[in-house]
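Here chain A shows up in two complexes: once beside chain B, once beside chain C.
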Partner chain A sequence: MASWPAQTKYISHPTTRIDAVPKVTGKAHYSSDIQADGWLYGMILRSKWPAAKISGINLDKARQVPGIQAAVKVRDGEFTVRFYGEELAAVAGTSKQACLDALRAIEVKAEPLPFVVLEDDARKSDAPKVWDGSSNVSPGRPREKGAVDQAFSECAAVIEGFYTTPVQIHHPMETHGNTVSWTDDGLTAWSSTQGISSVRDSFAGALQLDQSKVRVLTDFMGGGFGAKFSAGVEGVLAARLSREAKAPVRLMLTRFDQGLAVGNRPSSFQKIKMGALADGTLHAYDGENYGTAGIGAGGDSGGGGGGADIPMPYLYTVANSRVKQSAVAVNAGSSRAFRAPGHPPASYGMECAMDDLAVKLGMDPVEFRLKNDPNEIRRRELTIGADRFGWKEKYRPPGTSPGPVKVGVGCAGAAWPAGGPNRRTQGEAQINPDGSVEFRLGVQDIGTGTKTVIAVVAAEMLGLKPEQIGVKVGDTRFPPGPGSGGSTTCSSVSPTVYDICAKALEQLQAQSGIADARGENWFAACKKLGVTPLTVSGQWQPGLSSSPAYGVQFAEVAVDTETGLVTVRKVVAVHDCGLIIDTLTLESQINGGVIMGMGYALYEERVMDDLSGVLLNPNFETYKLPGIADVPEIQIVLLNMPERGVIGIGEPATVTTAGAIANAVANAIGARVPGLPITPAKILNALGRAPAPLST
Partner chain B sequence: MKAPEPEKLEAHSRRTFLKSLGTVAATAATAQVQSVAAELEKANAEKVLGPGPVPVVLTVNGEKLKLALEPRVTLLDALRNYSSLTGTKEGCDRAACGACTVLIDDTPVYSCQKLAIEAQGREITTIEGLARSGKLTKVQQAFIEKDALQCGYCTPGFIMSVTALLKRNPHPTLEEVKHACSGNLCRCGTQPHILQAVLLASGVEVTTKTEVLHG
Partner chain C sequence: MKAFEYATARSTDGARQLLSDNGAYLAGGNDLLGLLKEYLVSADILVNIKSLPGLNQIERGDKFWTIGALVTVAELEHDAELANAFPGLHDAAAEIASPQIRNVASVGGNLAQHSRCWYFRHRDTVCLKKGGDLCYARHGENRYHSLFTGNDCISPVVSSLATTFAALDATAVVLRNGAETRLGMNALYQKAWTEATAHNSLAPADLILRVEIPTARPRSAYMQVSDKHTFDWALVSCAAAADVVDGKLKQPRVALGSISPVPHQVEAANDFLDGKTLDDDVASQAADQILKGAQPLEHNAYKIPMARALIRRTLLKLKG
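Now for the complex of A and B:
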């Protein structure tokens, strides 16, 4: 079986990104930068009603706006819209200004319908139904292991907690969108996507085109985090506009649109009762959870999770457990996969319960975890992290930090089991007589460094430098690869490049007669190719990659008990991802996971207005992301395990942060703040110091 | 005091009017009330631009960019959609993310909040204008070396903010760097590497504290 080289020059070392120069000079062309010949600007009209029957859309006046060249309805006839922001129509014109004018000229006949946007309102029996004739609440799938009620009576300590997490919005810096050119020859889409193949297939399916007639290109794209796998309504509208206008149409969502309609992380409302024996062994667990995936939840999804389920109980072994989960439909945009779907809320709920129970047992939270964590790698990470963090010196009983600004510490763990490689990944390389080489893989680099990973592996295998490796991705005409989801790209691509290189060296040897074509012999061997380049195809091979990845993070916070402000001072992140490919881009990914997790812990929350059904904070001035001044010192410890092969890291890095921060806050103030985000108001409430409401 | 007729005041001249009102307020306080009327008359006499396209000349990266734009077109829109300068990014179009940051006479400005017509006669520098000689600037080099970018969409905005900072303060403290970049958002979470890159560009060598344990 194939195996990675024991001694490496580039693999497991820091390599700067091979596509960094175009990114720092503005020469990188993102999907939103495409200026195809004769391109038009496209925009979408969205529902201003959270629920309504649409009986007519009149585009006549919009078409008369100077500069407008196409206008389409999302569908003909009567239909129902079920959330504020659902697509109604779209226009394309020669300028953004023309489109803005045209959107205002569209006439919509609508009959508003009853709606419900908050989870607890939607669960009531008399709540308006999001889907006619179906319950808003999916029936759930209770499961039980052991004898839970009996087990609770045997526990030395039992806690009950209600831990909630908000709907989080992906908000990549580049919004969703495409430039689409649809002619008789076929459809070309420059898409801001994580999955060129899935976008191609969704365009072909929606427009009834042969898949071979659709080409998707993604040279650079500005982040996705799980929400960009399909052509989407916006892509299909752009295609139809292009067809009507006979011109390419660039239709990127506005930031406002982005908050409404292209995905989010479902909320969770976790009621957890958990008990342990006197020696600290977890013994009984009873967890109930509900959450919303927007209109994508509830009865109409056929029952079951409807996309809001989370893994319960998370990570730790409990002999007796009972779990019941359900999803609640509300009139709001649907959820989509979001960086480690299900895991950040699961980690947050379970890790809060773990700390609360450790406190009740009088045990050190780290010792309590070591006793109950079945995973050897994570126990090692916990021990290493505690040492680097200085846990023994820093941990003190909850609320005992002196002074008005209280310091606290916490930790939490992760597992990311879905990160297995895509075994059908393929790729090719063209090796030219002058020694230049280009790898082509039908994957995409969403900022994780996929192009650089390809170059590092190829450079290692061929004895060249990463900058000598040409890399092309983001074209459905290249051999197919996976979508960038589930932290699978690195573990899919690396063995594929290995295989291409191994075959290339074999063939070069055969054609050149040079026994080892690597390194200093490379150019001499290539020269022997004469005038015909060598093209080599390869595919994913077993033995070079695996899953899952784990990880543990520790957080230190300072909480101002007078203002409620939380400052994260330090995070120690201990992670494993098998064989490390590039320590530099890996560091970036872990930093990013921590910071996104910190946003989830302290700032981010989709706020729906129950009276109007409107999303109140679709933009960055109200949907708060961590800024540079909020970011703590992040200390990273990596376990390099070449024997496990390559494993992805994007998702595990963000799973634990919110739980660790929440526990650090509870440790600082001596009270559990129920629910993320941990805002100053919630801190003051937990301390009983909230100012009285203003009387009017 | 007769109120001005707002519908006759185009955004450009309205702004000039408001500016003049500021000075007027001071003089009015010294009882020269008649000057208010004079200022108003002057403001109202300004040529109203638009609503159709008007000739606009922008000086971008040292070159003249001649365009015909409706007065409501922003500088960001003019760069990205009326010329091929797409290095400046649109992240929110409402002054909240900083992806569209450009320099106007060395001051970092959100180009989504500046009308193109207002930027005439000023030196505009975009990300494309930094390495005009073909040689990357220290800031660009440091961003590459420290991997201060992931998807790279916010990167032009950060680089412009940092370039302006180092021009006016070549040796900033960490706090000053944070302050200078507080108007730029990054969703990939690259901020720790951006801080390292700025320190490196200012001549401070930063080494990573990341530990790699084997086995």
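Now for the complex of A and C:
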């Protein structure tokens, strides 16, 4: 079986991204930068009703707006819209302003319907039905292990908590969208996607085209986080506009659009009762959770449904457990897979319960976890992390830090069991007589450094430098690769490149007669190819990658108990991902995961208005994301485990941050803030400082 | 946004003429362009006032300083003498938005900016402030809204310069109907207290020319709390200013932002503080007076303890 080299020059060392210079100089053209010949702007008209029966859409006046070259409806006839922002029609024109004017000229006949946008309202028996004839609340699948009720009576300590997480919106810096050119010859889409193959197939399916007639290109794209696997309504509309206008149409969503209809992480409302025996062994767990995936989970997502269910109980072994979960439909945009679907809310809820129970037991929270965590790697990470963080010196009983600005510490753990490599990943390389080489893989680099990973592995195997490796990805004409979801790209691509290189060296040896074509022999061997380049195909091979990954994070916070302001001072992130390929892009992933987890902990929240049914924060003014001044010192501790092969890190890196911060806040102030995001308002409320509101 | 004409004014008279019936003055444009893009206001013509002579100066005087309306927030932030004379004003300027915005934001524009209420700013809600018949925030998501109001709208003033100017007892000089009118911060925002659709007392053709700040209060301070550490609106802001003679406050003033449609000031509290030696107890008593009568709604009661802490801390900063 194949195995990675024991001594490495590039693998497990830091390599600067091979595309760092074009990225920071603006030479890299992202999907939203594409300017195809004769391109038009495209824009979407969205429902301003949270629920309505649409009986007619008239595009005549829109077509008359100067500059408008095409206008299409999402569908003909009568239909129902079920959330504010659902797509109704689209226009293409020579300027943004022409499109904006045209959208305002479209006439829509609509009969507003009753709606409900908040989870707790939707659960009421008399709530308007999001879907005719079916309950807003899914029946759920209760499951029970052991004898839970009796087990609680045997516990030395029992806690009950209600831990909630909000709907988190996918807000990649580059919004969803494509430039689409659809002619008689076929369809070309420059897509901002994390899955060029799934986008190709969804275009072909939606427009009834041969898959061979659709080409999807993604050279640089600005993030997806699980929401960008499909052509989407916006892609199909762009294609139809292109067909009608006989010109390429660039339809990138506005930031306003982005908040409405292209994905989010479901909310969770977790009622957790948990008990432990006197020796600290977890013994009984009763968890009930409901959350909303909007009108339904998984709308148009090729990357997993992103449903409202979460793994419960998370991570730790409990002999007796009962779990009941349900999804609550509301009139709001559909959820999609979002970076480690289900795990950040699960980690947050369980880890809060763990700390609350440790406090009640009078046990150190790290010791309590070590006792109940069945996973050897994570126990090791807990121990290493506690040492690096200085847990023993820093931990003090909740609320006992002196002064109005209280310091606290917390930790939380992760597991990312999903995925595993895509075993059908393929690729090719063309090796030229002058020694230059180009690798082509039908994957995409979603910002995680996939191109660099390819260069690092190839350089290692061929004895060249990473900058000597040409890398092309993001084209459905290349040998097929996986969608970038489930933290699987690195573990799919690395063994594939390994295989291509192994085969290339074999063939070079055969053709050149040089026993070892690597390194200093490379150019001499290539020269022997004469005038014909060598092309080599390879595919994923077993033995070089695996799953899952774990991870533990520690957080230190300072909470101003008079103003409620939370400052995260430090996060220590201890992570494993098997054999490390590039330490720099790996650390970058973890930094990003921590910062995103911090946004989830302290700032991010979709705010729906129950009276009007609209999204109140469709912008970065009030949908708050961490800025650099909010970001703490992040100390990364990596466990390099070459014997496990390559494992992805994208998702586990963000799972634990919110739980760790929430526990640090509770430790600081001596009170549990019930629910994310932990805002100053919620801190002051949890401390009992805010008076009761006047009745209105 | 709707199409508009664009013209550059070279004199204040010219600006007024160019404005015609449905125009808007354009300086930094941070607020105006957002309003235009969301179709919240419309204008047939934007009159660029950035070339008006004499309005971009900070003039230092013995009795008062004059800040031209076109002085940028960044210039306020980076003027070392100003930071020495009015430390509270420096601190307020430095907290506004982001460096990029501060580089173009003008003092006049900061004072004249409209409501940030997310119902008002939403393209598909017609709230009281937009001429509708309902304040959605009153019964809805009011975490960012006022504790005090004189009408049914609870959208607060968010200009942190206004809060600070109020504490410094500064006066805005406004060109109105061809004549200069002097408006204190109370007067500048008074209309928003009584009328839901107003966010200040300025008529469309009124033009803020400058702000005059008396030097009578050499000690000043400004603090705010936001959800985030930078580039975020204040949940509550507080400014205080006074002279301190023999350890005693002289002519003290305290003003708060983001809790009322006007910079929130309580003259009785200012009177109470006058002549007092600052300590925690005095500051707390002042806070009680300033926040008396607050009307918390479902989601903004936290602003009361937050404001109390800010009043105390800001006042104590005056001790130096």
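Just so we're on the same page, the second predicted complex is superposed on the first by the 679 of 696 C-alpha atoms of A that agree within 3 Å, B and C clash if a C-alpha of one lies under 4 Å from a C-alpha of the other, contacts with A are read in each partner's own complex, and residues count from 1 in each chain.
In the analysis below, a residue touches a chain if its C-beta (ideal position, glycine included) is under 8 Å from a C-beta of that chain, and two chains touch if they have at least 3 such contacts.
Because the structure is predicted, anything quoted here is derived from the model rather than measured.
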| item | value |
| --- | --- |
| Touched partner set for A:Gly627, first chain B, second chain C, both or neither | both |
| Touching partner for A:Glu587 - first (chain B), second (chain C), both, neither | first |
| Contacts of A:Thr254 with chain B and chain C, given as first, second, both or neither | first |
| Which superposed partner A:Ala353 touches (first chain B, second chain C, both, neither) | neither |
| First (chain B), second (chain C), both or neither touched by A:Thr567 | second |
| Contacts of A:Leu616 with chain B and chain C, given as first, second, both or neither | second |
| Contacts of A:Ile54 with chain B and chain C, given as first, second, both or neither | neither |
| On chain A, positions contacted by chain B and by chain C | 97, 621, 626-627, 629 |
| Residues on chain A engaged by chain C in the complex (per definition of touch) | 48, 84, 97, 100, 256, 560, 562-565, 567, 602-603, 607, 609-612, 614, 616-617, 621-622, 624, 626-627, 629-630, 679-682, 684-685, 689-694, 696 |
| Residue ranges of chain B in contact with chain A within the complex | 70, 72-73, 77, 80-81, 84-97, 99, 126-128, 130-131, 136, 140, 143-145, 147, 149-156, 159, 177-179, 181-182, 184-195, 208-215 |
| Complex contacts: residues of chain C adjacent to chain A | 1, 3, 116, 118-119, 122-125, 134, 136, 138-141, 143-144, 225, 227-233, 235, 295-302, 304-306, 308-310, 313 |
| Residues of chain A defined as touching chain B within the complex | 12, 14, 16-17, 19-21, 23-30, 32-33, 35, 41, 95-97, 171-174, 220-223, 225, 252, 254-255, 384, 388, 446-449, 580, 583-585, 587-589, 591-596, 619-621, 625-629, 631, 634-641 |
